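For clarity, chains are labelled A, B, C and D in written order, and residue numbers in each chain start from 1.
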């Protein structure tokens, strides 16, 4: 993420906005322009198409088991990452915001993990005491 | 002054109440005196902390109450003191937690010689099922519950035929033998709770939960439902009798198995 | 830490990056998220809260699906369409995915042209986004109709676990609601852009704050989020 | 690193002064107002009103428990409806709304030096949706079948079945709808509070200069924004189960001999969702109290809060940790048995930051100059009751000790001490403290002392002995304690005693309400800063503060909120907006 900020994509207003502030103690709205070359969006767009196609193909070819699940997850994460980082401009936000938004969902992941165990346990008792199922 | 005095009185009163009041737990009748011991440890640690904090406060209120010309000290922080207190607290908490976790691991790991007893809750009564001669409980299904098969035992499961069914009556247990209580419900949540045994666990429809214990005293004990299960909840009492081995066998001999209970109905349908 | 002190006193100059930047931003006055306006901060935090909502929905679906003993219907077959005599698995969903992604693409470009103060292009792209969103909802309606005619109900379906239909209607319904709300707001924002509200800073009705082109970006955040959620729904509900 | 920053070096403004929405008519000024202060008063009044309903309900419950069989109109159904509404109203519609909607709205903009919340219109909507939620809730009292009686935890399957009051009538539906509305309304307000604290502070106001009140309310709001979604989802799914016959939470069930159509769902899923919300929720009502009480103690002991930095981190730490302890409410719910290890550990870890807070409060008293004003009295009472309740929490948190105690009166005693008494007492203290700012007049001192002593001692006498009932094994949520071997004769007497205390304490609240109303006109004139406090809300030009809070210019902040009794200073307090350094201004960096 740090590289993304450093490579100079967009956000050239950042510095100018600050100097501007310094001179004018009066209050001025600082509007930050997220200007990036249109081409970037087109590239991301294309990638999203490709990744979606890939995840669709996972199903089309009827892959199964761990291969299927890991591919689904990989494509999902890549897609989500592209959307958040580029389309939602997270890559150019300051890290303070990035972490404030990215970290809390970890709590959901904890919840999800525990619920995997819980649900497996429920299934286990059901199988053991109620039989394999109707 | 008055305030400081009241604070002291609160501590003294609470401690006296703790030791003098007639309200205390029922005499224990199971192996879970570990739990009682953990509670005692907890009482000591927390009691000391409570007294210390409130008495300290009382002292401060007395010593540093406003008088003409007083000025408070200016002391934003004191790292040493703070970390020292943190460590002491962490130690206190660990002293509570570690014994607790040990007992919990005993609580969830059932000894292999425990016999299984199934408790079935429904609004608002208790039924029981014992494994019968083969020592195995048959599978069950709430969908199979009907007037003839109130516990929903799966008739096709051979293990279930010799199960002893005790419908809406008292449960008997032999003293000194570990039992694993398998808890099941056919309608809503309930909770099988015998204060003298200390143990309890919710029953969840659509799953089977458990706890285990060894009854250590013969006698009659009241079962309470400890999970709000509708308007009959406070009336959902039951009885567990802990018997000597002979009494237990005598009782067991009078009970009917699932096969016996469903037999007349099968004859009836054959007509 | 040197930078921290600097910002305290208020020297200007580029803000530090990396961990020092985080420390500097959080310990500075006035605002913790530098260069982020109130509206944008509010949208981000709302989206965070919304993430928890969708997270909980998906996790409930997961729990129900794992714990049931009844087999789960195979989504690949359930959502297949018969085209030209052969069943193509999940094809409708795939198309919906592409539609939604495309709308995200047009949205991103709308934001871009907004900052270039290209009123016309921005408004057109916003409307295009709205149209794609509406198409998506339309296809979802089609999908719902199809499943309902095939006998899928919230309380049951012909192929297996009852929770299938329930989760399906609930999750896609909730997502669809988000899309629909988004479409409405897209149209509103498009109108404002077209009228030039953001060029003159006319106060909005809802917030009574002056409109700025940044509103397009804030709208975009919401819209991309809806797309983002779909990525997860697609993976977990349709493909898993 | 404690940097000795020159106190008057304040960076230039980087945020635009917000434009205020100017009300044009009486309606937009006092009813559909966008001024956070008016919204705060609306919130508080509504919450107090509905809180009084819950108080009356607690009387009815105590009538039944203390004098069983005497009051025929309290049927089992009615009893369960009372406890459910009592619990739900107290936790959500009173405490959450009062702390965040009431105190949050009033104090955040003033304390951070803002003119208003960042989006006043949304803020106003928040209140009206809250009011709607309250009305829906109240309407369930008049609906056929009455309100739901499922307990405030609303556990399925019973919550939506005939055996429970309101389960197959309107009660549960109205409850769920009301909760959903509350969450929507709260989210609108909550976003405002969070963004105002993060992005709307005045010049010089760094996060580490915020009064702890703001920290408490802010953290609680963030938590609420992340915890309420779980409740929202649980409510939606339960509503679908009830109204459409889905089976999210419903396995195969026989209801009174009838097979229901449901199958395969997981009741325990609801419990996880509920407590993923529910545990953070109890801290949502505790953290604002922690924050406020810190300020009360510091101000009235004329001493800086001890260990400010630790206090802030403790608040944040408690907030974060409280998302991974939820299943301590489910030790005996039949969940995965090994979860007990994990959750017992996390639960007891939370005691450490909480302990730090307690130590720092009492260490603030140490070598202070303690004025035993009414807010200070309430603050002291808070520490006593909170420590008591918190320590009994350690019993329950230690998984194996919870086994015999869970679902007994011990739990009821624990959470009343720590939630029903401690934060409520802080609210009282806070009202005595800020009433002069809100109305310009002091509350009556004599009535106040009477209110304090009766409430504090009475509430302690209600809930301290109650622990021992639980220890005996008396279950909670029993409207009938007859035919029980654990209930001895003396235990019945104890119950009657508790009930009598409850009426006395309740009566004192009526005195308090009278004081609130009477003093608006007849209280002693307070002046702008009667407590000689440092925080910005006391430095406003007018009292009560006008629209826009601070007159022409926003204050500029030069110091932390706790410069009391600074050596070398003329007065024993230096307001936050006073420049220049006096002695060792050793504020945390």
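The working rule: a residue touches a chain if its C-beta (ideal position, glycine included) is under 8 Å from a C-beta of that chain, and two chains touch if they have at least 3 such contacts.
Please read these numbers as outputs of a predicted model, since none were measured by experiment.
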| item | value |
| --- | --- |
| Interface with the most contact pairs, given as the two chains involved | B-D |
| Inter-centroid spacing, subunit C versus subunit B (mean Cα positions, whole Å) | 47 |
| Mean-CA-position distance for subunit D and subunit B (Å) | 30 |
| Cα-centroid distance, subunit A relative to subunit D, in whole angstrom | 34 |
| Per-residue multi-chain contacts in subunit D, two or more chains | 12-15, 226, 263-266, 268-269, 272, 276, 338 |
| Of all residues in subunit C, the ones touching two or more other chains | 10, 26, 32-34, 36-37, 41, 48, 52, 55-56, 63-64, 67-70 |
| Touching two or more other chains - residues of subunit A | 18, 21-22, 29-30, 104, 111, 115, 118-119, 122, 126, 130, 134 |
| Which chain pairs touch, all of them | A-B, A-C, A-D, B-D, C-D |
| Subunit A - residues contacting subunit D, complex | 18, 21-22, 24-30, 104, 107, 110-111, 114-115, 117-119, 121-122 |
| Residue numbers on subunit D that touch subunit C, as the complex places them | 1, 3, 5-6, 9-15, 18-19, 21, 34, 118-122, 187, 191-192, 194-195, 198-209, 225-226, 228-230, 232-234, 236-237, 240, 244-248, 261-266, 269, 272-273, 276, 557, 589 |
| Touch list for subunit D against partner subunit B, complex | 76-77, 80, 149-151, 155, 157-158, 161, 163-165, 167, 251-257, 259, 263-268, 301-304, 306-310, 332-334, 337-338, 340-341, 344-345, 348-349, 351-352, 355-356, 358-360, 362-363, 365-372, 377, 380, 383-384, 387-388, 391-392, 394-395, 398-401, 403-404, 406-408, 457, 460, 464-465, 468-469, 471-473, 475, 477-481, 483-486, 488, 490-491, 494, 562, 564-567, 572, 583-584, 586-588 |
| Parts of subunit B lying in touch with subunit A, wherever the complex brings them together | 137, 139-141, 143, 154, 157, 182, 184, 206-209 |
| Residue numbers on subunit A that touch subunit B, as the complex places them | 122, 125-126, 128-131, 134 |
